[in-house]
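Written below as structure tokens is the structure these notes are about.
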């Protein structure tokens, strides 16, 4: 069964239909790309999947849970992680503390055990630190753990967001334009990281305008245009799809 | 003439020095592009030129005058206009109001607002459709269009662009670079920071490569395009798959 | 409650309401440019009234005392901005807010030292013969306050929505850095806003003094109510501020009339604030507030 | 070795504890002790407010009301219903927490400073009720004859004993604040303050956490109110106004937000400074105090805790200026 | 009341220094006798506290021309900012730091009630300057009061309405602060004793800018007379608002408007306003020549020092200080117990507020006769028509 199912999702903002009856599904272990022109509704869809916004109609199922019915933070607890197009790192917290927040859903200490610093709490804090450092090393930021996150350049911020999300041990990871602002060498490194993450068993849905990156890394591509799904299939097929070329890639192929 | 030049500029944040003795010249009507890794200091350099951060040493001159005593807003008034990283739109104001504010520094001496606005709408029809929408709710790409449009409203004499292609669909990147070329052909000088080195160098007259706050390579754009070292790092093919997002050009 | 009584309550509400409205406008002006809540706003009202009293005592005709007081308080606002707020432009909003708290203490105490501890009167602009509407009465002075409030709010609304300078002010509150890149001088915008804000509040102070007198401590309650009114109307919106002020004033007085028991007036503010809370819970943007949205 | 590490980590806390707890050994002067007692209650409130503002980024303009709930709760329950003071303190705190929850739930799921607005209105309503519910609160006359605290044979009506009691509680609150900041919960609060959506997408139940920290800070404030009335043995509504709430916010900001020690320095300053200024000319006290608040903010916009950075920065600026002038024209203007 | 003893007692006191200046050969010497005072010189109650402070400052200088027990006095004045908490700090300071022998204060009832437990516990004589009835409810081992308590003023006002005006339906409008609330509560408690019916009770906040709404409601209840209990500027606004609303009922105020400021503020609307006050306000009303002499001296000295005639509150401070110093003088000691004893034995001491006879159980000392009822006429005070 599919891990994540988007079923007939429509999302309206006032008079604007940002998503129109979109359906697709994501299977375990896949890397799937979501592409489309600017304003096609990709980020909107991410917001619905990660639970911070709700569809106007239709459903997003993660396994058997309807994400539209759950509190926003529950998507993460269930295993949906994400990064943001406009980076949302916690500025003026350290890089490591950023990642530690990612462990939130996987740890338990509440106010009272924090107040009292019970031994159990101390053990848990230690585990959080270790897991967070591991996540940082996975994206190659291990040596910047104690810097202030606000000082990171754009590209590293994306990596930090990935590490942060990885710390929450997601089953599905949503990446919103992770390669934006990276040069080619850096993009190649990013592809390497994404592949490793996939090999560790995380299913990935990504939005990206860098076609090289998309074609290189994804197993399947979904194309949105003006909120409608216009194509879905393996990269090679998408690349040659007339409609996709016209709407997105450009004529002079 | 609208010539921008930096000599021996250095600066940093807090105690950490980021830029080291940068020399740079962008001639009238010239396009200079800067490529460099993440964190090389490109954005910092543009901030220094706009006056958003102070400098520790060196000089910045524009149109032959030293800018060391000019405020951010005064520099904009001189025609030195930046399209900042991350767009920095006025999120709770409408598209149209954003454009109007773009023309703020030309409120006394510029061309009529409506004329310029319609030009922007011709350039980016998407913005015309969304003219009453709050800028903060535009999609990433729409926001980028608006940021460029807003800068054009200022009738810049020198445009500082920080990664204009970021977040744009391939089709749109091409369109925007076509627009930039067109603007340049009307005599507008540009300092362009861009991750997509190939498309940037194709547009530019000259190019510079920055590494850790220093200019390590400077040459004609065409020469850099052919430079194997640059090719390897900035348009190297990764993973055997695709290449640059404009590879199809 | 008979109709005449109702009318009288509304008139009472309008009298206090318009002063809340003018104070709320003052809050709005500064908030719009800087996102700062100016806790010294009520002090501007108080200073306006007391300065006018002194000018009038010194022999200035009322009109001149009015203009003079407004000009002097506007200068106080500008000087305050230059000395205390400007150095903190880059230091964050909270620091600036605390500075306004300090200023309110200092201004209030300064006023006490200058004008003493007793309330001072000012003659009404155009006589104090009440105007009768049905059986209810309203003072000509109240009509002055109300009229001026409306003129100011319409002007301000046009200023913010129609003029480029007005939009520049809004731009500064949204994104200071970007505004400067557009060639907008943030410093000038903020200075302008403080000056205008102080001037408007001072005008309110001068106009209310013939009705309710003025004492150095008057600013506190007026400031609080003005702030509540500004929130009520959706902070940042001039029309909302005026609506909020009038609504708060009228709600307070109607509460007196509507609550059946004797001694209801003790609860009038509680009723007003309760309604304010309900509005907050039900329609958090305030009655007139724009939608504030942020993109994920 | 381990002891040494422990000592270094907790040096500030231990030093502070020793100094404050030994104070009565040096002075039995009730005046000094009363100032310290007021400082202690102020610090309790500031610690809670510092968590709310510094960690979760929410402002309360009605904290005086939570203090009032503790103060009046204790006063009413002990004088009218003859309840045990400790029990009264507990019930008041629970009540304060419940009220905080009621205000927090609808406002804290919204983005923006709705909590500040709601607490402002709430604070005013509480003040009005304290004045108007004469049958319960005695109105503006206030309630007197509140018993002092006692445990077993120890009477905390004695100023020295009270000092140890109240500062003991303060130290406990300080300790748990420090612990909280350095924990999973503390991090999640800071995170949601900076980017709420991101925190949510990492599994942080942001509204819950915000409400929770509001409740904690209300409890701190309420306990402070209870201690206050058992010390003064009298309570009237004049203390629980917006002005006091604003002073509380000022205490926290001027000390330094986001750093628990900021609450300490803020409370010390805000209690001692006016008391000290009063010695000169009481009419000018608030004038000078207001101006000093402004001056402190201008020089230490990060609050008193940023003093160290200020010193470092000034030193560096002096050094920096030298290099700049050597390099040629002065540093360019910018922010 | 006036008895023959009063005159004698007044002659023996040394409270008014001018009387005795010539009899002393040199100025006082030795350590000063330190008296503490807590006044509300700033904050909402500053119209009360500031004249009190001015009076004390003036009196300290005057008294030190002769001294008490041959020693100079020193008055340490603390400002409680109209806030009971501040009063508590202040009282601790006075006791601990300044080692005062007695304390005057505070101007407001809330502060006084807040410090009373401390002075009672410390065995420190406290001469209250505020009016709330509660202040002189037990325990009063160490607490006395100088001004007439609310009950006296309320009695005078209500008595006048009943006996002279012969009206029955009253409406009460009061300030929500301690002064107004306490007075209103007393009116409510005792109206029936005077055969009066309260048809409406409304209140306003001290800083309210308009009171027409409250008055509209009062008007709807058609009272015969409106009783307004508060300090400036509220009652003045009320007077103007009543005029605006065309209310013709008489305005009966409290002793809280016994100052020039009310007349200035209310203007025309203040004409005909009636209120109970100490005789200080209408010095010619003093029937007791000794009291008149003392008051005349005080009025002259205060006016010379401050440029204004003394408001009632200045008189309270003068009275409080007089009572304390007279007791010290009589006791010949500054020991607390001696002062306590002397105060309890106070007989016939005269102040602008009246003639005081304290006893171990009566720490108010005044009788209703010590108050009079005045009316504003032609911009000044005259005795109200009987």
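First chain written, first letter: the chains are A, B, C, D and E, and each begins at residue 1.
Heads up, the rule we're going with is that contacts are C-beta pairs under 8 Å (C-beta built on N, C-alpha and C of every residue); 3 or more make two chains touch, one makes a residue touch a chain.
Just so it is clear, the model here is predicted, and its values are computed rather than measured.
Participant: Indicate the lowest number of steps between chain B and chain E, counting one step per move to a touching chain.
Facilitator: Tracing touching chains, the least step count from chain B to chain E comes to 2.
Participant: Note the connected groups of chains, using the touch definition above, after excluding chain E.
Facilitator: Once chain E is set aside, the chains that still touch form a single connected piece.
Participant: Centre-to-centre on C-alpha atoms, which chain is most distant from chain B?
Facilitator: Farthest from chain B by mean C-alpha position: E.
Participant: Would you identify the chain whose Cα-based centre sits farthest away from the centre of chain C?
Facilitator: Checked the centroid distances; the maximum from chain C is A.
Participant: Between chain D and chain E, what distance separates the C-alpha centroids? Give it in angstrom.
Facilitator: Taking the average C-alpha coordinate of chain D and of chain E, the gap between them is 38 Å.
Participant: When the C-alpha atoms of chain A and chain E are each averaged to a single point, how far apart are the two points in Å?
Facilitator: Roughly 75 Å, centre to centre.
Participant: Measuring from the mean C-alpha position of chain C to the mean C-alpha position of chain E, what distance in angstrom results?
Facilitator: Taking the mean C-alpha position of each chain, the two centres sit 37 Å apart.
Participant: Could you work out how far the Cα centre of chain A sits from that of chain B, in whole Å?
Facilitator: The answer is 29 Å.
Participant: Mind pulling the chain B residues that touch 2 or more other chains?
Facilitator: 52, 71-72, 137-138
Participant: Residues touching two or more other chains, restricted to chain C: which are they?
Facilitator: As it turns out, chain C has residues touching two or more other chains at 109, 112, 220, 266, 269, 292, 294-296.
Participant: Enumerate the residues of chain E that touch no fewer than two other chains.
Facilitator: Counting only residues that touch two or more other chains, chain E contributes 42, 176.
Participant: Inside the complex, what are the residues of chain A that reach chain D?
Facilitator: 50-52, 71-77, 81-82, 84, 88-93, 97-98, 100-107, 109-111, 114-117, 121, 124-125, 128, 161, 164-165, 168
Participant: Given the complex with chain B, which residues does chain A contribute to the contact?
Facilitator: Residues of chain A touching chain B: 13, 16, 35-41, 43, 85-86, 151-156, 177, 180-188, 191-192, 195, 209-217, 247-250, 252-253.
Participant: Per the contact definition, I'd like the list of chain E residues that touch chain C in the complex.
Facilitator: 42-44, 46-47, 50, 176, 198, 200-205, 207-210, 212-214, 216-217, 220-221, 232-233, 236-237, 240, 244-246, 259, 261, 264-265, 267
Participant: State the interface residues of chain C toward chain B in the complex, per the touch definition above.
Facilitator: 164, 167-168, 170-171, 174-175, 177-186, 290-295
Participant: Hey, which residues of chain E end up touching chain D in the complex?
Facilitator: That would be residues 41-42, 77-79, 81-85, 88-89, 92-93, 95-97, 109-110, 113-114, 116-117, 132, 134, 176-178, 181-182, 185 of chain E.
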